[in-house]
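Two complexes, one shared chain (chain A), two partners (chain B, chain C).
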Partner chain A sequence: MSLQSINRAERRNRRLMKLWAGVILVFLYLPIIAVFIASFSNLRFFVFPFQEWSIRWYRAVLSSLEIQQYLQNSLLVAGAVTIISVILAVFGALAFARYPWRGRGVYQRVLLLPIFFPQAVLGLAILMWLSWLGITPGWKTAVFAHLVWIVPIVTLIISIRIYGFDPSLEEAAYDLGASRRQVFLDVTLPLLWPGIFSGALFAFLLSWGNFPLSVYTSGVDQTVPEWMYSRMVAGYTPQVPALGALTVIVAIFLLFGAYALSRWWQRRQARNGNDQ
Partner chain B sequence: MRAWLLSLRSRLSSMFPDPVAPDVSPPPLATRLWQRAPGPLLAMPVLVLLLVGFLAPLILVVTYSFMPPHTFSLTQAPTLDNYRNVFSSTYYVSFGWSVLLAALTTVLLLLVSWPIAYGLTRSFSKPMVLTLLLVLPLFISENVRLFGWVLTLSNHGVLDGTARALFDVELPMPLYNIPIVLFGMAFIFLPFMLFPMALGISMIPESCREAAYDLGATRLQVLREVEIPLAMPGIAIGSLLTFVLALGSISEAKLLGGQSIIMIAHEIETAFTYAQNWPLGAALATLLILLTAAMVIALLARLDMERLLGRGR
Partner chain C sequence: MAPILELVDVHKMFGDFVALERINLEIHDGEFVTIVGPSGSGKTTLIRMLVGMDQPTTGNILLRGERINEIHANQRPTCMVFQSLALFPHRSVGENIEFPLKIRAVPKASRRARAMELLKQLHLPESFYHKGIHQCSGGERQRVALARALAFDPEILFFDEPLSALDYRLRKTLEKELKAIQRSTGKTFVYITHSIEEAMVMSDRIAILRSGRMVQVGTPDEIYHRPRDAFVAQFMGEINRFSVQKASDGTLTDTDTGVRYQAPTRVADADGTALMIRPEQIRLLPEGEHMDNVLSGVLTQSYSLGSRTQYQVSVDGRTVLVELLGRANAGVGDAVRIGWPADSAMLLKA
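And now, the complex of A and B:
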């Protein structure tokens, strides 16, 4: 096969791959667009196309004290999960990727087990465990259940970052007389920042959207995904698409905002690097 | 005898060395541990979490599965009644459907994801925006996305309504059957296949492909004999993740499938909640856990984590 024909084939393949990616994106976003469309309907039931567009259900959602409580619960759980999981994962990731030790191979594999596990079964198992311990489920137990699943994910994200940096930087700092604390705060932590940042983002968003763990472990403190599910199976509730659309907007805002922020940071770093 | 005593003394003294000179106080325990074994010390918090939040609940579930039916205490004499119950009733139907649908989802997603994962790692000029667009659905509650399909596909939904308004035709409603459950599962689990697969593809050295082409291999041969084997760790992780998560899925069958199919995780949930038969639910869960664990442990034992995440550094 000549080089030219390979190049031509590669170009054609690239076009096909782009087309395919476009098709898949349409499939991924069609239902999300449908939720947005339904959220602007004026009616109590859903028929498309509807005559009148309105933001009536958004008003209903935002003024409902009940829904505000669910939003508050979701935020509380996601916030607590983010903070705790990042702290645990920084240590966990240093053990995962930075220091060689006996048993590290086993540790690296054990850590992955909760990710490779059906979440509904994990949620039920934790519920049984809580009731056996005599703990009443609430938002704190939901945080605990989320942590079991999210800490391994955040640990992996930060570990990938640690694999990317040069351990001799830390050693150089020690040689120059820095204390353990100084090395951690002034060398290790700044190098880990991008990993910590994306880990925190993942932790928040995964907790924010989680249903199978929350549904068994949050007790009386229902979260937004739980409430939406309970309404979905009980017929059509017009507040569900509106609230669903709001959660989508939060996710878009956080994800793309974080992306823009990291791009800005990278450019700033590059500029500072050029100045020196 | 005396020589023996002397050797004992020297052995003992080597075991218990003389205390350090009193004016030099030993560093605190944490510092000593940090210097000697930073790895285990740093891993400790995560390991404790997994012990309390993962291992302990699983052990509890397995223990419950040996308790007599409909009991809530763990102090009864162990029995195999629940397993007898499981194997003598029709739970194999749900198990069978779950395994079949999970397997079909995995195969379907292998085919669907490969071109995108390939483009994402090798040929697209701006992969970051596409990556973000593919990640975003992960952060939207799966129930919302499945509900979106209900709104799209139902009678007078987005598709049917559009067709009626524009062309005056009625579309058939493809909801509440088995194929739509498979479709929903493929839709939900796509990122879990796609991203590990892309990681695997990024591990193929460009030089290997070029060498194969130079030696006269066709595109298909390169794919079959160079790219797929070299990307195998990523493909295996993606497949296993998809299979395991699909095996334990409930929402797709509930929201899109109506009553056409009952997944095993749904049976487990029913036994625990509606039927109030914890030991039965525990027995079903134990079987699911065993199936999952066997596959996961078999794969993880073979993976080289350092190479996968650290790119062989």
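And now, the complex of A and C:
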């Protein structure tokens, strides 16, 4: 085969690959785009194509006291889950990835099980357990249920970071006279920071969007996804896609903000000390 | 003078595996001692115990006469330069050097002054103080790691082959610098490496470790010229080895070829069965010249080593290495005679 025809085949392959990637992206994002479109409809019922564009449902969402309460519940649950899961996961990840101990192999395998357990079943199981213990479901029990599912994920994310840095850094600090506590605060924690940050982000977003666990365990303190579901089942209003769209926008800002922050962090590392 | 560090019958087991077998070693104040061994010889296990990151199963480690077996690394007045250097990537060069001082709560101003002093001592410009670690080259990182260890002001400074990742020329430069710094600071340096070359350049004394045992301890010259056994002799550099049997009259017979050799008068080991001669001790003999031991063969290869040339001579199907300053008159394919005086060979235990 001539060099030219190889080049031509190469170019064709690249075009096909781009096309493929584009098709996949459209397939993945079309539902979200559909939600955005639906949220701008002027009509109460979903008819496509719609006659008139409007932002009245966004106004309705932002002024609704009812929705504010759901937002508050969701924020409360997601905030608590983020803080608790990060603290548990940092130490869990150190046990997972750094220190050799009896039973570590078992721990590493068992830790992942809750992720693979169907969430609806997990939620029901937790609800049954709560009722057996006589605990009334509320936002605190929802936090607990979310933690069961989210802590393993955050642990894994932070573990990756731990695998990525040389354990002799901790040994060196210890050898240079630092106490265990100083080693943790001066060396381990700063090096883990990027992992902790992305772990926290995951924890927040996973808890914020969770439906199957919340529906069983949040009791009276319903969250945003629960409200959306109940409105889809009965009493549809375009406030649902409007709120959904708003949530997505906030999540996008959060992710881009996080990306910008991590880039800033890398740049700061790249010239660390220079700006003192 | 009492030794600064003493190992008394230090024994280390991992399960049933004997990692170190009854190691005895004395290291004196201001000495540069290198522990050399091939990989798997137990040198890493040994240094981890010396710095306090592991403990011997039995035996004692004494620092100025006091037992320190169970004292943790962060409580010992010694420290180590790690193989990976273990410089903190999230800290500047200055902060790295000041780390041990910060741990001791030394005020910022004197910390900085000391860091500047150390940068100067290690031939690094003051502007490095604010540099990031990954902006430094391999050689600069070595110096920063050494500066950090010196800032700790240890009684003994340990090294876990930190130079192994560098290219040859830089390594040679740093070896000499390290030796110079050891002289000027007067500190005791204990270095471990697998490279005997590195050990020869820097050390006052070398200890050779083989499968968990200390085979020989001595000055570089002692070990090079009077190795205790065939392993040490081979470890110290290329050497020709003939298996021999000793007759009652003292002559040696080659067990492979039946050739008789004249034995060296100074014999390290009376039951030695390995006759060993360094390539540079063997000469190519011109026609008519005689020596205690002479072999005939064919010159099969020649390698230039810069100032010297190494030849391979095939003798009775075996290859003998000969090394000369400059070049020989013979070329590849020529029949040659090689010979060595009896006393330049060593008769050692196999």
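Here is the rule we use: the second predicted complex is superposed on the first by the 255 of 276 C-alpha atoms of A that agree within 3 Å, B and C clash if a C-alpha of one lies under 4 Å from a C-alpha of the other, contacts with A are read in each partner's own complex, and residues count from 1 in each chain.
What we mean here is this: a residue touches a chain if its C-beta (ideal position, glycine included) is under 8 Å from a C-beta of that chain, and two chains touch if they have at least 3 such contacts.
Remember, it's a predicted structure, so these values are computed and weren't measured experimentally.
After superposition on chain A, the partners chain B and chain C are seen to fit next to each other with no clash. When the two complexes are overlaid on their common chain A, residue A:R267 makes contact with neither chain B nor chain C. In the superposed model, B is the one of chain B and chain C that contacts more residues of chain A. Judged by the touch definition given at the top, the superposed model places A:R12 against neither chain B nor chain C.
By the touch criterion defined above, A:L169 lies against chain C but remains apart from chain B after alignment on the C-alpha atoms of chain A. Within the superposed three-chain model, A:I115 lies in touch with chain B and out of touch with chain C [touch as defined at top]. If you stand at the C-alpha centre of chain A, chain B and chain C are 80 degrees apart, rounded to the nearest 10.
In the overlay built on the shared chain, the residue A:L124 is in contact with chain B alone; chain C does not reach it.
Of the two partner chains placed around the shared chain by superposition, neither chain B nor chain C is touched by A:R59.
Remark: least CA distance from chain B to chain C after fitting both complexes onto chain A is 10 Å. Residue overlap on chain A between its contacts with chain B in one complex and with chain C in the other: absent. Remark: chain A residues 1, 6, 9-10, 13-14, 16-18, 20-21, 24-25, 27-35, 37-38, 46-49, 88-89, 91-92, 94-97, 99-101, 103-105, 107-122, 124-129, 132, 144-145, 147-148, 151-152, 155-156, 159-160, 163, 180, 205-206, 208-212, 224-225, 228-229, 232-233, 240-241, 244, 247-248, 251-252, 254-256, 259 touch chain B in the complex. Residues 165-166, 168-169, 171-179, 182, 186-187, 190-191, 269-274, 276 of chain A touch chain C in their complex. Residues 31, 34, 37-47, 49-50, 53-54, 56-58, 60-61, 64, 74, 112, 115-116, 118-120, 123-124, 128, 130, 132-152, 154, 156-158, 160-162, 165, 187, 190, 213, 216, 218-219, 240-241, 244-245, 247-251, 254-255, 265, 268-269, 272, 278, 281-282, 285, 288-289, 292, 296, 300-301, 303, 305, 309-311, 313 of chain B are the ones touching chain A in the complex. Interface residues of chain C, counted against chain A in their complex, comprise 51-53, 72-74, 79-80, 82-84, 86, 88-95, 99-100, 103-104, 129-135, 148-149, 152.
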